[in-house]
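Here's the structure, in structure tokens; my notes come after.
The chains carry the letters A, B, C and D, assigned in the order they are written, with residues numbered from 1 in each.
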Amino acid sequence: MTELTQQQAISRYAAQIGDNGLIIGHRMSEWCFKAPTIEMEMALMNCALDLIGQARELYTYAGVAGGEGKKEDDFAYLRDEQDFRNNLLAEVPNGDWGDTIVRLFFMSAFNNLFYKALSQSKDTQLAAIGEKSLKEVIYHLRFSSEWLIRLGDGTEESHARAQKSIDSLWMYVGELFTMSDVEKQLLADGISVDVEALREEWEHTVNRVLRQATLHRPQDDWAMLGGKAEGRHTEHFGYIITDMQYMQRRYPGCEW
Amino acid sequence: AKLEARFQQMVDDDIKIEPQDWMPDAYRKTLVRQMSQHAHSEVIGMQPEGNWLTRAPSLRRKVILLAKIQDEGGHGLYIYSAAETLGTSREDMCKALRDGKAKYSSIFNYPALTWADIGTIGWLVDGAAITNQVALSKGSYGPYCRAMIRICKEESFHQRQGYELLLSLSKGTAEQKAMLQDSVNRFWWPSLMMFGPNDADSPHSAQSMKWKIKKKSNDQLRQEFIDATVPQAEFLGITLPDPDLKWNEERGHYDYGEIDWEEFAHVIKGNGPCNKQRAAAYIKAHEDGTWVREAANAYAAKHAAQAAE
Amino acid sequence: MTELTQQQAISRYAAQIGDNGLIIGHRMSEWCFKAPTIEMEMALMNCALDLIGQARELYTYAGVAGGEGKKEDDFAYLRDEQDFRNNLLAEVPNGDWGDTIVRLFFMSAFNNLFYKALSQSKDTQLAAIGEKSLKEVIYHLRFSSEWLIRLGDGTEESHARAQKSIDSLWMYVGELFTMSDVEKQLLADGISVDVEALREEWEHTVNRVLRQATLHRPQDDWAMLGGKAEGRHTEHFGYIITDMQYMQRRYPGCEW
Amino acid sequence: AKLEARFQQMVDDDIKIEPQDWMPDAYRKTLVRQMSQHAHSEVIGMQPEGNWLTRAPSLRRKVILLAKIQDEGGHGLYIYSAAETLGTSREDMCKALRDGKAKYSSIFNYPALTWADIGTIGWLVDGAAITNQVALSKGSYGPYCRAMIRICKEESFHQRQGYELLLSLSKGTAEQKAMLQDSVNRFWWPSLMMFGPNDADSPHSAQSMKWKIKKKSNDQLRQEFIDATVPQAEFLGITLPDPDLKWNEERGHYDYGEIDWEEFAHVIKGNGPCNKQRAAAYIKAHEDGTWVREAANAYAAKHAAQAAE
């Protein structure tokens, strides 16, 4: 990668964070009218709302920083698969309630630390977004922790299912703590978050909740990478953008 | 009979009936039926809207739609709670829906086929609902009235958002305008049917009016809705699909064509385009969620037991 | 509808028949790597191949007859939802193996009679397509009949499932035997098939197979209409075209 | 030992071994492992391709892809049959795959992310497979050789179609060309890994060569493939992602860079991008189909019993 100007790097960085929000928010929104109770459905819709809301702010800022006049919708609707730099964890299918909760838990435990750190960014705009998002993310973490504990410490079936969800999603955890090129570039200036440094506290949170849920933490085996660093996604991602972008691709340039 | 007279007196005097007050069985039953149907409509109504969540054409619209769906869940919960004050549990009401014994508004048995339908549902369907609900909020049963007042506020907001969505289409390309017109063509008549049969064919209405469960007749409400909606349609630059629709100077109302009551009966009976799909999706969500609800109950029981020790 | 020239009507008619093939073929193709055995998978892929093959010929002819220079891909990839005039039966989701077999059986029993009649069309091109397609469709009918009998006369579970599939798809049967405007227009000239007249023999076939399968024919209750006459589809259809058309919408005008 | 000597003599004399012939246990075992792995690869290989069936950008390409997938199913069946002549049932082989005990070609643990991948899989993956299979078709076990001969013909057809697909992209827009280049970047090295470890690190090869299960070494086949493929890449106007790749006049072959054997081991071990996904989809299809297979068996048993009466 050729070195980017700081503004370009900030634009990419903001978009990358936004991608996580948009894609996981999209997945949550797929739960509409499919959740086990209305309350749970509303909670997921609420999370989706928060996460897509975060994406909107980040994309808007990415557009400003990028200096090419891009708007939030340009990021969501007019980029191709490999332009999205979300963590793969965000895009894997919802699976059952257990998978959805575990994904949200892993991600929220991360976001909690991440946005706390981002709110200290030297970039005041990112810091402001970080501070605002943090409040929302704390709720997501509480919601998903409570559910994970219920599932783990619920019935035999729910315990087994929750453990299976944890085991199958664990391979996506490592990517959360890898540094992309723009993150590395912006680190020295105190703009980006050192995500590698977040792992220890993340483990701490996760271990505590897992213990309470009577679930066990899998062995670290390997980490599946690709989304964040290179825009190399899973086969599931293509279906997300066919749905998401269809209207914009079908009716180019329209206002909605 | 003395109780009944006192009850009717309260109603006549516009004193709200509260859960602890005596009420006739039929009053209670009518209210439970109507309120649960109303709550179910909020819940089932998420399905056509949910159909466009992943395909919403802008982030702003996607977020508005998410918020709307979330509100509808809240309305459902709120009305279920109000209905529970009459002694029927939410679980019983929902079971009746799963078993096909309870109904929801037939309008949700029509599909949301295009993005424009999301706007039309807001404008016409929520609009018709509000017309109903404003009347209901002046009804005799306290908890229901209070629910309606609160819900009406949010619904008005949704209706404006729906209209605004359509306004964007009306200012858009020829294709967008065509999408708008097509959507209104499909939803206009079903929206009018939301007010129920003509007064002449509405046998239960008299009693409901006397009890002030209903405050206005079906035809009255329908007329109000039409009168309010036609100018909005004109502003959108669309044609409402009723050649008989025209202003009647004398009546001070719009005249409108005959509603296809056969279609209405057909859809109510279960033969609308989406009845089976809606029921199946509702039941599937419930069944897929069984293990989750069981887990939550088991956990709660375990920890309640521990706390009691 | 304003009266169409005969060529325009033929174009619409050919496209309408083609839509059935494309959409049901698309649904079959969704079974790839999901069928109960390799043999069954191959059979479905083969049906998909036949049905999409039929669609290609019909679209090509529709393009020629329409006189606007449209190619097969214009019909598949560049029309909107309401332009597709398939029977709704073709588009409903695959469901389980029973649903898929019942749908294919209903449709093939129809196609068998339809293409036999079409092969007598005064339009020689349609007649030729009818004759060629008939051979393929006879195989589909045999395959789906045999499976329906196996399911119906198999285990208790398979019997119950097959009956449920029949009951739930029955409401889409009636539309097969309705005449669209172009069909009516072309009937007098001996070009289109009188599909209303096919119902009796269709019933005969279906009753015979159901009897052998120890399954019962549902009561005729009502028929769900809309796809064929007006292009008014189910909510499922939109997802078919988002997938199917995404590439063409994303990369307009490219050759592949 | 006498049997063994006679067996080896037949092999040395290029007389095909047939199912009824005596053969060493290890020969049988090696062949079953290799043939079942080969059959499994045909079946699992449908997954990345199936991922683009519903999104194929033209009807012609969609139909070609359908036909290819159907052929692969046929190849799978054909090789399973050939393997069954060695006394292991297809069901046992498939169960081993479900249980994670049997392998399939690791190349299918890489995702098909773009439409170009469908072409690249045809060109490079089938191309590498053919290089292998041509050698295998000259092996010692009769049924396998015959299967290979038949399969090679169809595979060559697929390979040409894949190449032709890429050719269309290479003549297309800048975006299409970029899609092509990206796809080849991702599939080049994994394709080279399809030939297995370097000869020096391939412990079982010597015995397999002696038995003529293998006719050429991994490195020989890899070199053949590279030599055939580089000019095709040039014709496509793309760059192969190996800076060390260049013609060696002296050797009369292309030199190429070091393969990342760590990645190879990693993917074999189960940690490729799609290992879990492929296994899960395979198992799900099997489980979802249980009631169907049971029905077919019950029906067959019932009617066999009736026929016997």
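Here is the rule we go by: a residue touches a chain if its C-beta (ideal position, glycine included) is under 8 Å from a C-beta of that chain, and two chains touch if they have at least 3 such contacts.
Just so it is clear, the structure is predicted and the values come from calculations on it, not from any experiment.
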Message: Applying the touch definition from the top, give me the chains sitting in contact with each of chain A and chain C.
response: B, D
- line: Separation of the C-alpha centres, chain C versus chain D, in whole Å, is 35
Message: Can you pull out the residues of chain A that are in contact with at least two other chains?
response: 242-243, 246
Task: Would you give the residues of chain B that are in contact with at least 2 other chains, written as numbers and ranges?
output: 55
- prompt: Which word fits how the chains touch one another: line, ring, star, complete or other?
  reply: other
Field: Touch relationships between chains, expressed as pairs
entry: A-B, A-C, A-D, B-C, C-D
- prompt: Which residues, counting only chain A, touch chain B once they are in their complex?
  reply: 22, 26, 29-30, 32-42, 45-46, 48-49, 52-53, 55-56, 59, 72-73, 76-77, 96-98, 149-151, 153-155, 157-158, 161, 240, 243-244, 246-248, 251, 254-256
- line: Contacts from chain B onto chain C in the complex sit at residues 48, 51, 55, 111-114, 182, 186, 266, 271, 273-274, 276-277
Statement: Listed in rising order, the residues of chain A that touch chain D in the complex are 81-82, 168, 171, 221-222, 224, 226, 232-235, 237-238, 242
In the complex, chain A residues that touch chain C: 80, 239, 241-243, 245-246, 249-250
Query: In their shared complex, at which residues does chain B touch chain A?
result: 43, 46-47, 49-50, 53-63, 66-67, 69-70, 73-74, 76-77, 115, 165, 168-169, 171-173, 175-176, 281-282, 284-286, 288-299, 302
